[in-house]
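Some structures are shown below for you to check.
Each of the next two complexes has chain A plus one more chain, namely chain B in the first and chain C in the second.
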Partner chain A sequence: MEITLGQVLALLGAAMAVFLPGVGSARGVGMVGEAAAGVVTEDPSKFSQTLILQALPGTQGIYGLLTGFVVMQRIGLLGGKLLPLTTYQGLLVFAACLPIAIVGLLSAISQARAAAAGVGIIAKRPEELAKGITYAAMVETYAVLSLLASILMLFGLRFS
Partner chain B sequence: MLRDEEFLYASGRIKVLENRLLSRSVIERVLEAENTEAVLRVLSETDYAPEFEELESVYDFEKALENSMRKTLNTVKESLKDHRIVRFFTLKYDYHNLKVIAKSRILGVDAPENLSNLGDVPVDELIKLGKGEGDAAVPETMKAAFEGAMRLFEETRDPQQIDLFLDRALYEELVELTKKIGHEFLKDYLAASVDLINIKTMVRLKYMESDFRTLEKSLLPGGTIEPAFFEKYFQEPLQSLVEALSSSRYSGVVKEGLENWISTGSPAAYEKLSDDFLLGILKKGIYKPFGLETVAGYIGAKENEIKILRVLMVGKINGISEDVIRERLRDVYV
Partner chain C sequence: MAIVKMKKMYLLGLKKDLDRFLDALQRLGAVEIADIEEEEGGSSKITAELSDLDTKLSRLKFAIEFLRPYAKEQNPLFYGRPKVSLRKLREISSREGEIFEIVDAIYGFEQRFSRLKTEEGRIGNQIELIKPWGALDIPVEDLGTTGRVDLKAISVPKKNFKALLDKLKETDLPLEVIPVGESREENLALAIYHRSARSEVQELYKEFSVNTEEFNGFAGTPAEIVRKLQERLEAIEVERKKIKEEIAKLADRLMDLKAFYDYWLLERQKKENLQKMADTEKIFVMKAYVPENSVESVKKAVNSVTDAVHLAFEDPAEDDDIPVVLSNPRLVQPFEIVTELYSLPDPRGIDPNVYMAPFFFVFFGMMVSDAAYGLVLSLLSALALWKLKLAGMGKKLVELLFLGGISTFIWGMIFGSWFGDLIKIKPLWLNPLDNPMAVLYLSFAMGLVQIYTGIILSAYKNIRNGKVADALMDQGLWLVFLTGLIMLAFPSMVGMAKYIALAGAAGLVLTQGRTQRSLIKKFTSGLLSLYNVTSYLSDVLSYSRLLALGLATGVIATVINTMAKMLGVNIVGYIAMIAVMVGGHIFNIAVNALGAYVHSSRLQYIEFFGKFYDGGGRPFDPLRMKTEYLDLEDF
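Here is the complex of A and B:
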């Protein structure tokens, strides 16, 4: 089978959709983890509350992976029969991956900052955990919107 | 430039520790305590309990306060990779020791036992330096400052010159340190403290009818108000200084503090207002979820708390009335 530039571009898009939000989430979860470790050093009873906040910036990585899977499925990689994509078709797939790749990376870090601030709420007023989660979860909206855009674009493309 | 993210762990820890700072209501209870036993009872419910329990006599309260401060500094140090922020706050203790040692040397007596243990330089090494032993493990900057101060004393035979020289050396080093750390918050805090001290120095010297040369030597470096400003207003009545600073950020401190100083002849109100103003800057640390501000704010808050407790303890031990103590009390951080 001859490999086309279109196929390379499509896979590059899938790779970016996975690795950029993945990097963002890893950094984000790490940041909140550091702040949470600080709180738990002084007050171990706050472990479970801080853990919830730590998990929040992790979702972007999952959205990226999901988008990556959709690309693989759409271009036939999962079935073992890669479609012979033209360069322009490949570029379309690449473009469809951009929303989640970029918004995923940046929103994970922004969300981590909000969640780390939420860890501060738990340090002071553990009963207000829900508010801390809500603030951080607001950032999630934009990660979800970009996931939606990427997925709709990918399902809208026709390759035959 | 330090990024906020480098302070995540320390800030998380400090957010919990901030809860253990003394609140206004605890201070009130200490203030209302009838005697020192009642004071100790109130403190035994706070973070100071272990330090005060160890005391043999309440007159040794300074030891307890110092131990508590040291515990705080160690906690912050072990939470940070970069210890320069802590150094910003501990440098003054080393210079204080240096002053004591310099003065002991000119009096020809042994250094007293109550040197501060809060600095970074071991007290024994400073004593070695005082005895003139060349191999004392003291930073070069401090060695140079000590030698400079001693030389100046040889020339002038005026012990006050030692204080002036070492104060200047301390602030020069602080300015250098904040430059190296490169964070606006510390620079701003340092500049405000220097300005407020310089204003105080000028007014004090004006009352003593000193000349401008003395003032020039006493002004500390690192402030935002230029020496030329002080030179101008040194010749004029105090009221014009108050007016000149009325559009600066120190207007509140200067207006109330200096007017009180003029009417009562005591700088106590000005000093209290200055401390409250500086604490106001530090308070940014409470509202910032993580960053250098949180760490610096907490160390400053603890120092402020120790100051409050010192005023309270001295007042209570000497049976001074509640109202008089209250006038001297600083604002609290939390």
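Here is the complex of A and C:
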């Protein structure tokens, strides 16, 4: 089978959609984990509360994987029959991956900062956990929006 | 309904009855005693008693926590807290001396433990220090000086040792160095020299940073010393075991300690409230808040103590710090936790729970949107509610998840998603993967409904406060304007929509600057207020997360299924496939339930509450039988 540049570009897009937000989430979850470990040293009973905050910046990685998966499905990679994409079609797929790839990476880290600060809330005023979560969730909005943009673009593309 | 109306209560009585009043009110648990602003602070006698009580409580608490690991306690999550009757509690509390003997004993054990631990640490260090000398077969008390000859144990940094030996070869000092062994960073040796060489030897020591070991306080060869120390370590372990056995004997007294703690906790709560009252030599005045529906029972409780009392109820004044109690239908109660985690409503504002609950219910389900996941979620929550003894926040949260599961189930049927694409059942409406735009429009529409509700509630709040004109101008005109803008989106209505939008906009420009003084400022701030339309736009767009998170659940579920099915090639593969599916779907449920909870909360907090809600209420915290370890059976 002939491999086209379009296929390479499309796959590159999928790869970016997976690994960039993945890197961001890994960093973010790690950052919050570090902050959380400090609090749990003092009071182990706060583990479950900090865990919620730690999970929040992890979603970008999931969104990225999801987008990558949608690309794979759209270009026929999962069915085992890769579509013969033209260079422009490949670029379209690549472009569609950009929102979640870039916003996912950066928002995960920003969200982790907010969540790590939220861990401080848990340390001093555990009853205000919801406010810490809300601050972190404010950041996530943009990851959700970019995921939506990426997915709508991918569903809008027709290769036939 | 909603926020319970509060009454302010004044109670004037004789001081000799005060304790019985407090007892009665504590049992009733419907009265929050407020501070009467008195010029001079609380009586110093009460302060002293309180701090005395606090010391006792903290000692008891230490003893309880110390004893806990030795007792077999039933997990309160499964069995609830142990129950005790008030009579029993009083009876235990009469044995104060006996109880504090136990507490003292426990402090004694703790001290013995910590002494043993210190000794153990010291011995550990000593062993570490002496062990490398094991090859030295001279009793350490023989080291030192014999008159003519000095016999010393020395340690030399490893990097200097060879240089030292080399130097010794060159000189003809009457000094012999016999290597004995080495520790981690040093070489150990025995130095024998004639005393006439002492000063030269000292010089050498300085040059090569040599230390002499004295073994102060030890006797025998190093190997013997180490053996003895190790024997002592074993003895310490034995002693510790013995202490633990002694403690274990006390374990069945744990219940008494807990009961005692709770008894005094109740006393403390009463005493605390004494400080808030005003008094003279014979009488006292108490100010308190009582929910309106409890007024009658409070009257009865007070009169059951004595008739020599004056009781008055009145409506709280404008500047009173009224506590908040919510009263909602059973179905709405679980949703109260969403508001409670944000902030309780202002006592003079609106309780948002009734309006918020349906939105939260719908949004949560739409974001998870898988029928099978909904069933799992509801079944697990029902199981937890049935089997676990939950109370307070925890119970509300699980109930919320139960309801969320039902909503998820409904949305899953609408979208035809059962474990993603694992079970193929025709959707009631459509699969969002086939037509995401339709679901996106649905999300926006639901967002609009909620935003409109928020604006209308804000208008209602204005009208209730007698500001009808404000309601018309601030909220009414926005509704007109927004409705016009929305109608513009539908081609069939464009004609009329233009005029409605224009009328709304014109009204806003004319009215929104009404607080400004000059005419120009009135006009410019009116015009600028139209800019708020962007905030409404971003509010509506924010609801796109309903689609996005719903899609995310479905697609991740599909990914799990696809990966799992790839494994299904032989027997081992089938087992792995099932493991991947179970693990993957559980993970997906957990992540998406968390996401749905967080994001539907966010939509309430930012997009909905932002429109009308005044938080900052203080929870009603009445004097009541609040215990830490036990549940009271009858009072």
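Keep in mind that, in the parts below, the second predicted complex is superposed on the first by the 160 of 160 C-alpha atoms of A that agree within 3 Å, B and C clash if a C-alpha of one lies under 4 Å from a C-alpha of the other, contacts with A are read in each partner's own complex, and residues count from 1 in each chain.
The criterion applied here is as follows: a contact is a pair of C-beta atoms (placed from the backbone, for glycine too) under 8 Å apart; a residue touches a chain by one contact, two chains touch by 3 or more.
Here the structure is a predicted model, which means the values were calculated and not measured.
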Chain A residues touched by each partner, larger count belonging to chain B or chain C: C
First (chain B), second (chain C), both or neither touched by A:70: second
Partner chain in contact with A:3 - chain B first, chain C second, else both or neither: neither
Touching partner for A:117 - first (chain B), second (chain C), both, neither: first
Touching partner for A:36 - first (chain B), second (chain C), both, neither: first
Footprint of chain A on chain C - complex, ascending: 341-342, 433, 436-437, 440, 541-542, 544-545, 547-549, 551-552, 555-556, 558-559, 562, 591, 594-595, 598-599, 601-602, 605-606
Footprint of chain A on chain B - complex, ascending: 5, 8-19, 79, 289-290
Interface residues, chain A side, partner chain C - complex: 52, 55-56, 58-59, 62-63, 65-66, 69-70, 78, 129-131, 133-134, 137-138, 140-141, 144-145, 147-148, 151-152, 155
Chain A residues touching chain B - in the complex, by the definition given at the top: 31, 34-39, 41-43, 46, 113, 116-117, 119-120, 123-124
